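Notes follow once the structure below has been shown.
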Amino acid sequence: MSQAFTKAMARNIFYGGSVFFLLLFLALTFDTESALPGRDNRENITETVAHGKRLWEENNCIGCHTLLGEGAYYAPELGNAYIRLGGKEGIKGFIMSRPKDGIPGRRSMPQFNFNDEQLEALAEFLKYVSEINTANWPPNIQG
Amino acid sequence: MQYQSQAVAKPYFVAAIGLFVGQILFGLIIGLQYVVGDFLFPEIPFNVARMVHTNLLIVWLLFGFMGASYYLVPEESERELFSPKLAIITFWVFLVAGALTVLGYLLVPYATLAEMTGNELLPTMGREFLEQPTITKIGIVLVALSFVFNIGMTILSGRKTVVSLVLLIGLVGLAVFFLFSFYNPDNLVKDKFYWWWVVHLWVEGVWELILGSILAFVLIKTTGVDREVIEKWLYVIIAMTLITGIIGTGHHYYWIGAPDYWQWWGSVFSALEPIPFFMMTVFAFNMVNRRRRNHPNKATVLWALGTAVMAFLGAGVWGFLHTLSPVNYYTHGSQITAAHGHMAFYGAYVMIVLTMISYAMPMLRGRKAASSNRSQVLEMWSFWLMTVSMVFITLFLTGAGILQVYLQRYGADPQPFMVVQDKIALFYWMREVSGVVFLIGLIAYIASFFVGGSDPEATLEPVEAQA
Amino acid sequence: MACSQGKGPEALAVNQRIDVSDTPVLVQESRYPPGDLALWIFILAELLVFALFFIAYAFTRVKHVELFNQYQATLDRNSALANTLALITASYLVVRAVAAVREGDGQRCARWLWGAVAMGGMFLLIKGGEYAHHLAAGINLSTNTFYMFYLSLTFFHFMHVILGMLILVVLAVKAGQGRYGTADHVDIESGASYWHMVDLVWLVLFPLVYVMR
């Protein structure tokens, strides 16, 4: 009785297929890298924006919020917060106004006690994010 | 136990289970915070409890993979582990580093932890699942290198089987892709693009190779089906995994600023990602049906079959439901994502680790092949409690997600996030109740290691005559 | 592999194994489909992916008829026709190769295979020329939806032609070394099946993308 298929053929398909698709993925990545400058708003990555991204990370904002839909689902999407909250002032105002002991019974955002420079950096960062070409995502202002 | 050095797997398994308990306790905390918003605020804010929950998950699964490897590789390679001592040292380094990191999360504000650990020298903190301080990440790389070295040396100097080679490829891939966690550019789009080279290429890539090889090992041992057949199918399954999953990475590139063509490439290939999981299910049931022995460890066979089914449902089906870009446009970053994530991780990775522990632990504790009937029965109860409650968690989150998407993303009058969260609170309460049942299942699971210890082990039945 | 079969009055006991390993196998068991089944699973998966892409193309075209017609006109149909002829010829040569090895002539089989490889190489050259032309004009995957589909479909296929050629090269070398004969040429059939799939995909792609308006 001969086999319908051999382990050797299965092995060849695994190695061949994996290498093939790895190469294809690298080709698409290469194309993506060359297409990004027109979409990722990199021309607006200033020192301040970079500082804002660092603050975003050091305070783990992603631990409650989503940014471009990625993160935690406890608090609102912030990719379009610049638009939804009414610009930089709206963003800063919201962050500054968080009560340090939270709102009784409600999901609460910590009070981070940011100084003016940090608030400016965070607001600039969120402005930069809101201008990235995300193929029209989110579907509406609510995120 | 055929080789003495397989014993090093035991501390890894014990640590894995311990950290699993921690993960679930913190899961219950954040589940409660969803509906009682200020629970433990501000001492343990949601984001801190969440990072403990997710990081514990990843670390205990890694402990599980390592334990599984230390157990199966000597047996497959037909030689003792290259360095049992290195394995034990690595164990303690990993455990202590992990414990310190979790304590760091809990005891100081995250920004302070960043400062204390010198994050500004090479900033890698603050991204989902990669919250670890840079020094912890470096520690993880060293642990991974030591582990892959130990396992690799054992395999390369012994009998090379398909099972051990596929496992090794998976583990090397795991280590290599983790290196992308050190790449954190200012450009948010590039940050996200390469973040997925860690996360997707792990859980929808090389981790599936690890899953496949462990499942194949357990099936060879428990069914007695010819290794040639099982290894052949393992190749087919992992081939389909990488053929679909590599370009399938594109399903994370729809809305993060990457070019629009990813909506096409990602949709087409990720739609096919359920195929390897479907094959795994057919494969597992087929092998068990064609078995040439009735292995006394019935709990293990239950876990193995359960893994295939739940992985297919959680990763395959639930994944498919929100993978096509026209659907994902509305569901991206919603409770649908959480629903899929829970069942996928549980079905594929939690369950394969528990399968391996189920198989190996009795022998690590001195049994010939299985624990006593009493112990197995309790273990099987824990399987059903955890699995069924996870199905309910997933169903409730799916319900929450559908309603959330409809109210917040779809209708003519989209409502604000927080308003919608209030409206779906009932689903969150039901999810939390299911979570408590899950914990009960986990307690039963742990109890199964402590009952029936002095009972005789379940008997080895004679080989069935083949028709 | 030894197996047992009931054979009438002297039927063997059900579990009794016969060792047939020293009985010469004269002819390869004829199976359908020819070639290794694992490869057929792979071929079907590939066809599924291409089918999904073709359907996606068709649906998208319906929504952007003007755009697709406009940019389709910029494609070089003559090159595509030449490519079609190259691939069909290659498939014909592969058929001859399989026939040759079935008769036990490994050398002739190898020569036919090398011919097919040469035809494949011609495809790559012509298509490569088209790509160079597009690149010089600044066209890439993000230029517009038509070009996204055109470049994706043809490049994905292009890579399959390369893979197909690699397979044929390996088979040609081994056939030339006398590794295949009448009794065992499953690999040749497998490789031939894969090549025919690559050809078939082009036969759908060419009219769909280059011709149909």
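Some points to look at:
Chains here go by letter, A, B and C, matching the order in which they are written, and residues are numbered from 1 within each.
Everything below uses one rule, namely that a contact is a pair of C-beta atoms (placed from the backbone, for glycine too) under 8 Å apart; a residue touches a chain by one contact, two chains touch by 3 or more.
Owing to the predicted nature of the structure, the values given are computational and were not obtained by experimental measurement.
Chains that touch both subunit B and subunit C: A. With centres computed from CA atoms alone, B is the chain lying nearest the middle of all the protein shown. Taking A-B and A-C together, the pair of chains sharing more C-beta contacts is A-B. Rounded to a whole number, the gap between the C-alpha centres of subunit B and subunit C is 38 angstrom. In whole angstrom, the spacing between the mean C-alpha positions of subunit A and subunit B is 24.
Subunit A and subunit C have CA centres that are 41 Å apart. Of all residues in subunit C, those that touch two or more other chains are 38, 41-42, 141-142. Shown for subunit B are the residues that touch two or more other chains, namely 232, 235-236, 239, 243, 259-260, 265.
Contact of a single residue of subunit A with at least two other chains is seen at positions 5-6, 10, 13, 17, 20, 24, 28, 31, 35. Residues 232, 235-236, 239-240, 243, 259-261, 264-265, 268-269, 271-272, 275, 466-467 of subunit B are the ones that touch subunit C when the two sit in their complex. On the subunit B side of its complex with subunit A, the touching residues are 30, 33-34, 36-38, 41-42, 45-48, 50-51, 110-111, 114-115, 119-120, 123, 125-128, 131, 162, 184, 186-190, 192-193, 228, 231-233, 235-236, 238-239, 242-243, 246-247, 249-250, 253-260, 262-263, 265, 329-330, 332-335, 337-338, 408-410, 414-418, 421. The touching residues of subunit A, counted against subunit B in their complex, run 5-7, 10-11, 13-14, 17-18, 20-22, 24-25, 28-29, 31-32, 35-36, 39-42, 45, 49-50, 53-54, 56-64, 66-77, 100-108, 110, 112, 128-129, 132-135, 137-143. Contact residues of subunit C toward subunit B in the complex are 14-15, 38, 41-42, 45, 48-49, 52-53, 56, 141-142, 148-149, 152. Those residues of subunit A lying in contact with subunit C across their complex are 1-6, 9-10, 13, 16-17, 20, 23-24, 27-28, 31, 34-35, 38.
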